[in-house]
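What follows are several structures.
What follows is chain A paired twice: with chain B in the first complex and chain C in the second.
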Partner chain A sequence: MTFLNRYSPLKKKEAIFGWKLVSPTVILISVLILYPVFYNIYLSFFDVSLSIGSENKFVGLSNYINILKDSTFWRSFGTTVAFTLITVIGSILLGLGVALLMNKKFFGRTLVRALLLLPYVTPLIAIVFSWKYVLLPIDGPLTKFLTLFGFSSGMDIINDPNNSFIVVSIFNIWRNFPFIYLMILSKLQAINEDYYEAAEIDGANSWQKFLHITLPELYFVIGSVALLRGIWNFYKFDEVYLMSKFANTLPIYIYEKAFTGVPQQGVAAAIATLLFLFMMVIIGYYVRKVLKW
Partner chain B sequence: MKKLFVLMMVFILSVSAIAEITFWTTETESNRQTRIKALAAIYEAQTGVKVNVVPIEENDLMTQIPVAKNSGTLPDVLEAGIEPLLLLSSENFMDQNLNTEIVNSFGDIYPGAKRLLSDASGSSFAVPFHAWVQGLWYRKDWFEGRDLGFPYSWHNILTAAKALNDPANGVYGIIIPKKANAFTQQVFTEIALANGARPMDADGNLLLDSQEMIEAFRFYKELGKYSKPGYTDVLDALKGYLSGETAMTFYSTYIMDDIAVEEVQKSRIDKFDADLVVNTGFANKMINIRPTSYGQMVGIGVLSNSKNKSDAEKFIKFLMSPKNYVYWLHMAPGGMNPTRSSVAESDEFLDNPILQRYGKAKIAEIVAALDEVERFEFIEGKVLTDMSKLDSNFVIGKAINYMFANDWTPQQTAAWAQAEAKRVLGK
Partner chain C sequence: MVKRKSPIKTFLFYFAIFSLVIFVVYPFAWMLSVSFRYDSDAFDSGIIPKRPTVNAYMELLGLKESIRDELSNEEKQLLDLIKDLPEEQQKPVLERIYSQRKKEAFPFLRFFLNSLLIAGLSSLVSVIISVFGAYAFSRIDFPGRGGVQKSVLLVYLFGGTILAVPLYQIFVKIGMTGSGSKGLISLFVIYLVQTLPVSLYMLGNYFRTIPETIEEAAIIDGSSRLGVITKIIIPLSLPAIITVFIYAFMIGWNEYLFASIFIRPYPQFYTLPVGLNEIFYSDHAIWTKMMAASVMTSIPVIILFMTMEKYLVGGLTAGGVKE
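Here is the complex of A and B:
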């Protein structure tokens, strides 16, 4: 603790006390997060044996090389980036629009505000089945309704493998926009009315008020939720896999590669490490440039 | 202080003296768990050995096993379907010698059931525990009216599907699954094997674009013309049959209570057809150029690392002793069928309202199909572990899904399946 000698005794005591206070968190993070991360990196250099009585074999970088040489990996990577961009932008636009509407006063607003949260708070498996049910060919209520407008009743929109990407993207936007709407709405309510009044006195129209007051005020909220949703959607497995077997995003590639048949844990660890590095770089750049930390 | 020490030692010793075994079961439904725990409690009362029953989803098994291996918490006894048992056995998790001994000790396990869980030398990965059979359930009354014969052969099935298809009145010839999932693959397996088609030969060479396979895809697509539109699935097959919407449907013997029991049927379709059980026929095999049947065997076995193998062995024998065995099988009458002939023929097993409705002869017919059950994973006594990789990636299911979605020819479908299988296996 020689570095503490520079401080006065009181400061020194304070610093030690501070460390004591944060130590439980530091220990917990080390044990529950850092250890698994490093163990995962360590495993990625091995051919992990599941057999009873045989040891893990060190294979150097070959797990990484095999993955990077696999064209399916790159295709899945591209699909995942497209999926993440579309769903994040889509749910932000929808969330923003709905939040602006819900910020206006109208009869029954509280009820509508609560109902809007349903897609996000309902258990995933229940809404997946509801979607599949309403769009069932022939018997599905929505399909029956759509036939009034000339759609074929034998059409099976959700389960058509050619629609998989668009179906999982729309589903994800619909499911997750309430989260964004909620965050934006809470910020909208905190914007000082005086700004708008001042702008109105200066003759600003609605669009100008939105562009020069609302949007700048929302900048950091939108920036943060975009980051969170970006991270979550990049790793999204459950929603995608439950809606379609054909979406081929990276988490599904990992599942297919590492957990079907006899699990290949070394390969899984290598993919996880690659994604971890990629996300760290992107997040680092994003928080610096967009969130301006 | 000394007294306390002695007391503690006695306590610790007595606790450690209680023998314990851990039993992983894939029967996770709560009513099944109640029965299994009751059996475990009886076993403990009789022997003093505590059985920790751990319910585990079959899909999670292959990810839980490595975790348990690393943390030293592998079970002593495991109950699971063929696929995970095969994979575990290939990684030396199952004590084949002991499991073979247990199988032989019963002396009355159906040879077909035994074959499905053993290698070429006859050594058992696990003890065949219970099984369901898949087949074509059909409306006997509609068939008799039109003199359509029995839907065993490809020809008869297609003729009947064509003749009974009446979409204008909401009735379809058949409901076949068209989605990329396990059910589609199960149904296709039976169809392909009836034509001698296999995705892989004994040496692991891929044969998804063979002539036999192309014909199987063609037959499947042909059936699709007389099937309910949409990418139908297992529930469409079940509900469609119960509500009289289709003349034929592929399903496992788990459909038996849905057909026969009023409350179960009402829970599915809101009404009950009391005559359905009499009007239903079951084709337990299929033939085009050779006969085959499809089913799933659930095995139970001792793991090679178990520290308490003798109790594990006794527990399996306890579960398969007639009275306990029947109690277990009646968890799902019709769905769970015995692999011991003496139990299958016993009055105790048939003493169940659902099984009685079908009668002894029908049950015997269903159980008899077990001897003919074939799977893509086994060929000439060899086990193809790569097949499980193709299965869990739904290669065949996806090919069928695409065939209907894009109106692919059977040749295109087969070529896609072959390429996809190569990709999945990294060949």
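Here is the complex of A and C:
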């Protein structure tokens, strides 16, 4: 530890103590997060063998070439991008609307605020089952209700490849808007009241106040939650897969390639690498242009 | 300036609140309702059960034998019948009975305990490691601190989807996939590392709000740094520590992807998400039981949330979430 020599003895002792405290964290994260990310890139150049003893076969770029030629991959990719955009925009609009409502005082607000958290905190598997129940063909109560608006009751909305994407998107918005609403609400409550009073004196109506004071103040929060939700939804596996096996987003495509049928883990690793690179480029661009860091 | 609200606006406001509540509560209301019904009433219209019963709960908790268990009398008779047959002829019948029994099993309590064990242990260890790590981040100046902190936050950018294949390969290589208990240990380590960033980030933020003067006084009185952590920091931040524990617990309680990869071949070791999902796609899916199981899966989390709501909502907005 020669680099510590420029520190005084007391400082040196402190620094060593600091490293001791964080060493379990550093070891765990390097071994189980950082190393696997690179190992994944390495695996993507191999035909990965699943039987112990036989070696992985180096295949160069052929995993990548096969994927890029595969039309299922491109369709999945399109679905994933659409899913991410729809759910991020949808949950932000809903979250913003709810935050504006909940920012007003009204009778029963405490109870409503507690109820609003339910979709987000209840274990996923439980709400997946209740959604599947209400959307059952013929018998599901929501299906029965929807037939009043001309839906055919015999349709299995969740397991129909044409509709499952829509159901999964709505489900994702329903589950995640409470997170966004809370983030926006905490910022709303921190906006200085003086701005609004000054605007009122200038004769601004409520829409103008929203447009010129509230929205600019919320810009950074909304930008940040959009980033977080965008990343999480792009990688989202469980909420999609448990809800419907027919909404073919890329994480599900990877899972099925890697762990079902005849596993092709090298191909799965290559898809994951592509996904990761795509995400890095988008995040880099977004952080500089939208969040202006 | 006194504003008079128009009645139309007030009506629209309450209508919006009302629709919002319906939108949010709808699936939960049906979940509760169906869980208190008999199997034959599962699809009655009307949300209030006409013949409420706790039958499904009793069966799940093993307090009452399900009708399907009673059916095994028929199987017993069948067993008596085939006793005199030669062994080769007995075999297929026996196998059919056993596979039938297996299909009908709904070991909810086992899933529940497995989940409790794995989520509880991994979040406990995660919190312990994080208390020390977060203390170092917030109080001690050591070379490389910024870099370590940044790489911890980077973890937010890597979803489980990206890590699934390499982690599986690593655990296969070190021989951690051969049995159910090994699978559980793999899961424990994975949940631990998945919850660490959340715990470190939240606790670090909290520790920075504790005035350093208290610690300085203790150090002048001759207390060691470790003594400061155990005697001052931990008691002072107990609510924050419990909050972090609950978040970490929820991650393990919910996790499906890795659980399905590492313990799929070992039904004895299923956690709730994997076990319930397997049952859903088996012949044993009965809506009343599925709903009762859903309610009971939710109860621990909802109770934890209700009791700690003030801290937890604060934690949510302070970045205590990772998916």
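Just so we're on the same page, the second predicted complex is superposed on the first by the 232 of 293 C-alpha atoms of A that agree within 3 Å, B and C clash if a C-alpha of one lies under 4 Å from a C-alpha of the other, contacts with A are read in each partner's own complex, and residues count from 1 in each chain.
Going forward, contacts are C-beta pairs under 8 Å (C-beta built on N, C-alpha and C of every residue); 3 or more make two chains touch, one makes a residue touch a chain.
Just so it is clear, the structure is predicted and the values come from calculations on it, not from any experiment.
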Touched partner set for A:22, first chain B, second chain C, both or neither: second
Partner chain in contact with A:256 - chain B first, chain C second, else both or neither: first
Per-residue contact with chain A, leading partner among chain C and chain B: C
First, second, both or neither for A:160, with chain B first and chain C second: first
Which of chain B and chain C A:203 touches, first, second, both or neither: neither
A:150 touches, of chain B and chain C: first, second, both or neither? neither
Chain B versus chain C as contact partner of A:36, first or second or both or neither: second
Touching partner for A:265 - first (chain B), second (chain C), both, neither: both
On chain A, positions contacted by chain B and by chain C: 48, 50, 52, 259, 265
Contacting residues of chain A [partner chain B, same complex]: 48, 50-53, 72, 136-138, 153-156, 159-162, 245-246, 256, 259-263, 265
Residues of chain A that touch chain C when the two form their complex: 3-4, 11, 14-19, 21-22, 24-26, 28-29, 32-37, 39-40, 43, 48, 50, 52, 98, 101, 104, 106, 112, 114-119, 121-127, 129-134, 139, 141-142, 144, 174, 179, 182-183, 186, 200, 228, 231-232, 234-238, 241-242, 250-251, 254-255, 258-259, 265, 268-269, 272, 275-276, 279-280, 283
Chain B residues within the chain A interface of the complex: 62-63, 65-66, 69, 87, 90-93, 179-181, 228-231, 304-305, 385-386, 388-389, 392-394, 397-398, 401-402, 405-406, 423-424
Of all residues in chain C, those that touch chain A in their complex: 1, 13-14, 16-17, 20-21, 23-28, 30-31, 34, 43, 45, 47, 129-130, 132-133, 135-137, 140-145, 148, 151-152, 155-170, 172, 189-190, 192-193, 196-197, 200, 225, 250, 253-257, 260-261, 272-273, 276-277, 280, 287, 290-291, 293-295, 297-298, 301-302, 305-306, 309, 313, 316-317, 321, 323
